[in-house]
Structures are given as C-alpha cells and as structure tokens.
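One structure coming up, written as structure tokens, with questions to follow.
Note that the chains take the letters A, B, C and D in the order they are written out, and that residue 1 is the start of every chain.
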C-alpha cells in the first residue's frame, strides 16, 4: 500500500517538477511585463529538439545542450523585440493571441526544419532506475528535480542579490520609476524573455529523456505550466514551484487512486476550486483596489 | 451622405444582408456553399462571443466547450433518443445557459489572466467529458447526427426542395437558413448592445468602477452576458451538428476555443462586422494555405502574429477608421 | 435636520498602518460638507470607505439610519449614494451622452427580453432617459458635447461629465473627490456655481478638495483630518480660527 | 523565406486555384486521385508516410505509362488530424476538384466525418484508418485497407490464449485509436476466455504512465498486459513498464508497428509482442510467402526514395492506391459506380498489409491471419508466426 503511494508521489513530483519549471518561465516574463507568454512551451521544445539535432551533427551532448539553450535564448529575445515590444499598448486578449501566433509560428518552423518525428535524448546518467521503499524512481527524474531546485535557488539569488535581477524586479513593480532611476526597461524586458527561454530550454532538454521530444511537445506543457502558475499565483516564484508540484502530484494521485481518464479533469477542477476561494492563486499578491 | 450612412446604427446589417444574399449568385459549386454555410454558422457564434469579449471585456478561453455541449446535446437527443431537432436545440440552449450561469457566477469575479485560466479550465473539463463518455458521445472518433428537420420537413444538404416555384438544392437551402440565422443573431446582438443592458456591459469594459458607482451590479451583468454568449454558442453548435452530420469532441476543445476568440480579436473586438470578417478569414485560411504544404503552420502563425502587432484593434476597425479619415478629408472634415 | 451619514469609530488599516483612525462625524441632509487635510491625510481613503470600495477594519457607517458597512458600491447607489473620482472614471469606449445615460441605470426597468427585441416600452424609457441626460449635460455645462466620444473630450469637460453622470442617478448624497483639481480659475468658479445649484436642489454634497477658496466659500461644515485622525470640525469660520489647523497647515 | 517571395507564392497559389476551377472541364484529363491526410498534427506519423507513399507511387505509375493510358493526378490536403477539416477537404475533393476516387483519411475520426459526404456523392473512398466502425456496418462507398482494431484485438487475445493467459491488464490511450481499441478488446476478450482485470488510460500528451502501470501490476492475478495506443504514448508506457520492472509478458497494438517505435523505446521494448503486417520483417518471410516480393519491393523503394525507415502506415496507403488502380483498370473507366463494384469484387490482391478478398459484406477484405505476431528481440522485430 505504502509503496504504491510512494510510487504515485515520485511520479507526481517528476511531472510536477517539469510543470514548475515551465511555470517559473511564465512567472519571469509575467513579472517583467505582465504578459502571459503562451509560446513558453516552444522554448522547451527548442531545448529538446535542438539538442537532438546538434547531437545528430556529431557535437557532444554537453555542448549540444549549451548550443540549444543559446538558440532558445536567441529566440526568446527575438520574440520580445519583434513581437511583444511593437505591441506594447495592446489589450490583454490581443497579447494572448500574439503569443499564441508566435507559438504556432515557431512550431511551424520547427516542423519544417526538424521534421515531425519523435526523438530520444539519452538520459544524462545511465538508464538504471533507483529503488526506494518498494517504489521506482527514474534516475533522470532526479536530474529534473535537482536541476529544478538549482534553477530555483539561482533565480532567487539572481533576483535578490544581483543588480540586473533587481532591475527586472524594479521594472515589474513600477516601470516609470525604473526608467527614472536609469534602468533601460526595454533591455530589462529582453533580458526577462531571454532568461525565461533559458529556463524553458534547460527544462526541455532535462525532461526530454523521460518524455521524448518533438516539434509539437510545447503546446500541452505550456498549458500545464500556465495552470501551475495561475494556481500558485501569477508573479510568485514560490507559487509557481508549489503550483507545479501540486498539479503533478494531484494528476498522478488521481490517475493512481481515482480514474486515469479523468485525471486532467480533476486537475482543472482543482484550479477552479483554488480560484473560487483565492482569486489570485495560492501565493498571489493581495493588491488593494485603487480608485 | 456616405459619412452618415457609415455611422447609422443598423446600416451594416443591411450591407451584411445584401452580401449574404448576393454571394450565392456568384457561387456555382456546392463545395463553396458548404464552406460558406459553415462560415455563417461560426460567424453567428462569434457574434455572441463578441458580446462577452468585445463589449464586456471579459476573456473566455473555453467557449468552444459551450459550442460542443450544444452540438452534442442536440446530436444525442435527436440521434439516440429521437427528439425532434428543434426541441433538442431549445432544450440544449436552456441547459447550456443554466450551466453557464452556475459556473459563470463564481468565475466571473476573477479578473484578467485568472479569468482566462478559469474559462480555459471549464472548457477543458467539458471536452474531457465529451471525449471520455463514449457510451453517449461515441468518444474521440465522434458520432453521426441526423439532419435538421422541422415538423417532418427534413433539411439535408443533399436534398432538393421547391420553394416559390424554384428548385433549390439542399446545400443552397442550408446556406439560406444559416444566412437568416446569422442576420437574426446580429440584429439581436446589436439590440442588446444598444439597450441599457448593452450600456451597462460596455461600462464594465470602460470602467468597472464607474459602473459600480452608478449602481450597475457588475457580477450580475457579467453572468448575464456570459449566459447569453453561451446560448449563442450552444444554438449554433446544435445547428452545426445537424448541418455537418458528424461531430467529434475536437469542436469543444481548447484549440477551437482559441480559434473562436481569435476570430473576435483578429476581425475587431466590439464590432459585429469585424468579428464576422474574422470568422470568414480564419475559416478560409486553411483552404488558401493548403497549397503551401509543410509551410502552412508557420505561415498561419506568422499571419496571426503580424495582424495583431500591426492592427491591434483588428482589421475591420482599422480599415473603417482609414475609410472615415479619408471621407472626412473629402467632406472637409468633421469634429 | 435629519442625519444623512453618521460615522462612528471608523478605522482602516493597510498592512498594520493606520490610514484612518477613530474617525467620528456626521453629515446632515442638505449640507455641503467638506473634508480637507494635507496630502496623504486619508481623505480619499475615507471616501472609499464611505462609498463601499474599501471595507473598514473597525467602526460603523450609517446612511439614512441604515448600517451600510461592507455593502457593495452598486448597492449603495440603490440607496441614493453616488460619487466622482480624483482619478477620473469615465468610460472612454462610449460617447459623452452614453456615459450620462449610464448614470440612469437604476431608473430603467429594461430586461433582456425588451432589449433583444427593442419593444416599445424600452424605446419609451430610452427616450426619457436620453432627454433627462441631455438636460443634465446642459446643466453641468457639457451641452456642446452630446455625441462626442468621451475619449475626445478635454479634462475639464470630463470632470463635469462625471458630475452629470452622478446626478443622473438622482442621488440623495453626492461625494465629489477633488472636483477642482486641474481646473483653471474660470472653470473653478463655474464649478463652485454648479455645486451651489446642486445643493440648492436638496442633494447632500460631500467634498474632498484642496482649493481653500472654493471650500471655504461653499461649505456648510468642514472636517479637517491629518494622519487619518480628526483634527477639527466646524463651520468655515471656526476652522479658519482653529489653532490646530493653522499649525498643521503651516507645518507646525 | 522573405515576405516578398511569400506574397508571390500566395499569389501563385491563388491564381492556380482559380485556374484549376476554370479548367476543370477540359478533355483528356488525367485520372484524379483525391486524398486528405493528417500530414501534420498529432497523427502526422500516420499521414506523413502515407503521403510520401502516395506521391512516390503516383509518380512511378505515371512513369510507367499511367492507368488506362491516362496519367494519375494526386490532389491532397492536410487535415491536421482534425475531423472537421477532413470533412471540408473531402467536400472540396468531391465537389470542387471533382476527383475520381479518394484514397485517404489517416484517422477514424477523419474518415467517419467524411463518410456521409462520400456516401451522398457516390464517391469510391478507400480509408487508411483503423477502427472497425468504418466498415461495420458496411457503407456502400467506403472501403478500408488496414486491418480493423477489432481484428488486432482478436489476434492479440488469440496469442494470449495460446500462451495460457486468462487475466490481463489493459492500458489504452484516450485518443480515437486507443479508445476504440479498448472498446473492441473489452468486447471480444470473453470469447477467448480472457478477463480484463485492470483497465487504465492515458492522455495523448501524457509524459508518465507509471501510476497507471503500478495499478495494473498490483491487480490480482494479472498474467499479461496490453497497451492499445499510438504516437509517443506507447513508447513511454514501454519505458515506464521496464523501469517498474514489471515481470509480465507485454503486448502492444499494431498502432506502434514501426521502426521509429523501437528507436524511441530502446531496450525497454525487449520481449514485447504485437500484431503487424510482415512489412517490418520482410527477410524473415519464407520465400514461398506470396507477400514477400511485394513487401520487399515496397520497403526498398520507400527507404531509397525518402531516406527514412518504412512503417506499416505507409503500407496502408500503398495498398489503398493499388486497390484503386486495380479497380479502375478492371472497370475500364473512371465511372464511379463501376469502380465501386470492381473494388467490392477484388479478390486475391496481394498487398503489403495482407491479401485482400473484398465482398459486399466485407469492405476490408483481410483475414485475421494477415496480422503476424512479432516479438522484439535484440532491438529488432522477429516473426513469431
């Protein structure tokens, strides 16, 4: 009984760690620009697919990953410069459609360049699963969780200890004030998109050995990441991590104990429930209505 | 003169009616009628969605859920339980309206992205149920639907009907029915917008705070318009089901919700002609892009992105503003 | 004289900071009652508390003898309370006249059915609503802007438009939050005249305003607050001579 | 691609669309083969090899002089795996392009959505999709080349019975293929004295099925596990299965009968069995097997032309096209009713998928034996029988 529970928990945490990383990507961009970037999933796709493609050229895995991450960052910056910046005064819905358009565009290009097949990325270290209390944990899962944790810590340090990080936070709180103290807000926004792309592509390549990778893997991951981010409270880093893990665990527990057919429905019902009682998510700011 | 015409309340309905009834004279191929009928049906759906998104300023990323519910309710009631289609459509609308009211009331207190998240979740749950309850819905492979019939008179795209001494093939008859439905949908929507209810809705978009201070119960009006737009979707979903004769849960899915809201935003929010144009463009796009083969997806994404960047208000309002400016210049300008 | 608004022991905290503390006063029907105080004294917060945008941490607010604490702005509007804003809240997606007609929202009985089919009862109501709104726009001096898009109007005109919209609701009490801010001398004089006329019609007016000349000229009573607390209350004459007020205003 | 050339290309397409409408009445025209396939989207692993196969063989047939002395013209559309699109493109093929026969429909949803139009128009239609509902009940104008999922379920259960299993765990995808396969398996299991003691599902884009598999392996007395699904899901199931160290015989459906699946699943696939056409193991066929030559020919031609490995899905399209050609040749014209009658009359046609014997009550024409049971051994397919 317990080993079963442990198994569901491990599974949930692995899936949840992925969602959390996607959700963090949403959070960074949301914090800097209040845009929900529906193209976030494409960064994961680029991370995985570019790694496969660079490795196919004979480049060793480590360097292939670095190149793939750089490519994703480039795409992230380009996305901000070419698509988001020109539409800065647009409606929320319009921005949603722009990022959806961007995601379709990136996916379309990827499909032409890389083809439509699914690909395997070799696990970082061995294929041997780890056994713990009667349950099995994939060694790559440890990588996902570990890299996730490292990234979260690195982000905290970045946003609280470094000048650039604080500049991004400052811009998110008050754009005008940030401009007044000499922060180049356009630069900061570009940075935020680049950073978000970095996060996404690292996540993409880390989970690829578990989930495989293909040109269209980004859609659902982005959606789940958005769910996780909204559940945790948009803009809250802690919320993104908790939201992601919670979502993953609920999905796997539902699949294990209730119904695998309705696990997504249960996850979506849960977010509705959370929002009914906490309209700004679990850790969202309680801003006061200003009149 | 022309200037006045452009600004008249219902002029565009007249223009629309002319377009709807002249276009068939230019088409000789049943395939075009088939496509045009679908455009009319989907256009009527987004005219309803526009009340919510364009006028009241509330986002819905799950509206296809209501469309799918309407379609499946009708399909199951008529095909499995032999209800008359008209009854099925009406009951479906009532049921969907009720469901929209029950879920809308709590989620419409949410704002911005949280509202889009909640509507997305509702749409997803509906799609998952339709997909999984295969005993009723036929599951992901879909189910077939009987044609529309009225008091024993069956309307099939393949039939042949005589009206006023003319022989009218089924595909044209369907086109005309869908055309009339669209015109009714537009007139009703415009009437709502021009009424005190419409004023209250638009004020929610303009300034929710102002609306509340003069006594507008914003939660009530948001729910109301949510229900109205869900009923629009339900009715047109039912009609679509009877028209195509075969439906799959994809019509209730997230992708389709995105298509619906894109039609609204692309064509021009808060502009009935705009959203109809949006429906036309988005529905025709796959047909035109079919020649591009593997580049199709990329081009579609590019067009979507570029339009929204360069015409954030959508192309109809952008074009009309340009036209107004031009006319204004000729007539010496107007304040 | 009946008491219109009665406030007892009103407290509002934001994250432990007292924005309003232990405030008590009452406004009688038909008065022009002004709230003054230095920047950040809590005047707008007080208005937001009275009009239902904030919920008090402690204390009671009664309107016409009924406790209205925690009531939504729209329910307060049903009870005859209406207001304008320091940061204007005009629906820029509508015309000026539509903004005023919106103000008559509660006077209209239209429902979905009459609206969908534009039944005669709706058209009658709309006609009456339009006439009354046009009248009000002329009353506040916006008669030239009937069909102008709100987004195309000047700042001063929008300020008057907001008042017209509030009046359209046939309020018993009208709260004006810095109506003269940003207006020039002539416009301020017109505004003073307008407020006087409104008061003459029996509408109780509460005012937050920085322009001392305006305030002293039209107020029946004044409330001076500082750091969220009552500093003084009284007639303009009493306030003018109050040593505490003088000290606060001269930076004492 | 620059914006300018994009625009130009759009212009060219628009112009050629208009032209094709105007010229549709010209004489001595080619035989038009219409097709709508899921070339992109979630079912692209079906549509992509199907389109490649059709293109390649239409070309080849034309080089060899065409059919009835006329050239073949392939008109195809991508339905992106969406049934509504499929229906619209079917309408376009029938009414606008006025094709002579349709070979297409990668998924069951797409096929069924197009079927009413095809039936009404009287258009011979050879579907490339799996579910048994396509041909049962028989629709006059609708044929199909792949074995039905019901047949696959029967074949798998037959093998299970043979090996003495009587309690199995079932896991299936919630997509059309998996859901229909699940239904068929549950329906026919009893006939083989097999009880399904665990019944789990997974979504088409799920990335981990460990929870479901844990439940299955914990069910009482499970002898074997069957996964009905296609896409990358079954490969993940296979990997999870191996990671959980479940020590039960494992079966997959014909939905993963491609070398790409082996690449994805890797070592984890070792020992699993599935029913498939012999396309994956041409060398293992005995020389007297009538399919051997056909299968080898197709495999070599495909792999040489496209530089990618063959899959059984492309084979469905090969058979679909060849059946169409044979029927048209037999009819001596493209008269639709005649072609349809000839299709129904085909017997003994040796294809890649199997040997077809159509009949008025059998628009599929394949025997269960056309499915060979394969087992994965040392990273490759091996013929069990």
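As a working rule, a residue touches a chain if its C-beta (ideal position, glycine included) is under 8 Å from a C-beta of that chain, and two chains touch if they have at least 3 such contacts.
Source: prediction; values computed, not measured.
Peer 1: If you count the C-beta pairs in contact for each pair of chains, which pair comes out on top?
Peer 2: A-B
Peer 1: If you take the mean of the Cα atoms for each chain, which one ends up farthest from subunit C?
Peer 2: D
Peer 1: Quick check: how many Å separate the C-alpha centres of subunit B and subunit C?
Peer 2: 41
Peer 1: Could you work out how far the Cα centre of subunit A sits from that of subunit B, in whole Å?
Peer 2: Taking the mean C-alpha position of each chain, the two centres sit 33 Å apart.
Peer 1: Report, in whole Å, the distance between the mean C-alpha point of subunit A and the mean C-alpha point of subunit D.
Peer 2: Between these chains, centre-to-centre, one finds 35 Å.
Peer 1: Specify, in ascending order, the residues of subunit D that touch 2 or more different other chains.
Peer 2: Answer for subunit D, listing residues that touch two or more other chains: 40, 174.
Peer 1: Please output the residue numbers of subunit A that touch at least 2 other chains, ranges allowed.
Peer 2: In subunit A, the residues touching two or more other chains are 111, 261, 264, 289, 291.
Peer 1: Mind pulling the residue numbers of subunit C that touch at least two other chains?
Peer 2: Correct list: 53, 85, 89.
Peer 1: Name, in rising order, each residue of subunit C that touches subunit B in their complex.
Peer 2: 51, 53, 72-74, 77-78, 82-83, 85, 89-94, 98-99, 101-103, 105-106, 108, 110-112, 114-118, 122, 125-126, 129, 148, 165-166, 168-169
Peer 1: Please give the residue numbers of subunit A that touch subunit B in the complex, ascending.
Peer 2: Spelled out, the residues of subunit A in touch with subunit B are 30, 36, 83, 86-87, 89-94, 96-98, 100-109, 111-112, 223, 226-227, 230, 234, 261-262, 264-265, 268-269, 271-272, 275-276, 279-281, 289, 291.
Peer 1: Can you tell me which positions in subunit D touch subunit A when the two form their complex?
Peer 2: Checking each residue of subunit D against subunit A gives 40-42, 44-45, 48, 174, 200-203, 205, 207-208, 210-212, 214-215, 218, 231-232, 235-236, 239, 243-245, 260, 263-264, 266-267.
Peer 1: List the residues on subunit B that touch subunit C in their complex, please.
Peer 2: Touch list, subunit B to subunit C: 188, 191-192, 194-200, 202-203, 205-207, 209-218, 224, 228, 270, 335.
Peer 1: So in the complex, which bits of subunit A are touching subunit D?
Peer 2: So the residues of subunit A touching subunit D come out as 4, 7-8, 10-12, 14-15, 18, 111, 116-120, 127, 129, 136, 138, 207, 210-212, 214, 216-217, 219-220, 252-253, 255-256, 260-261, 263-264.
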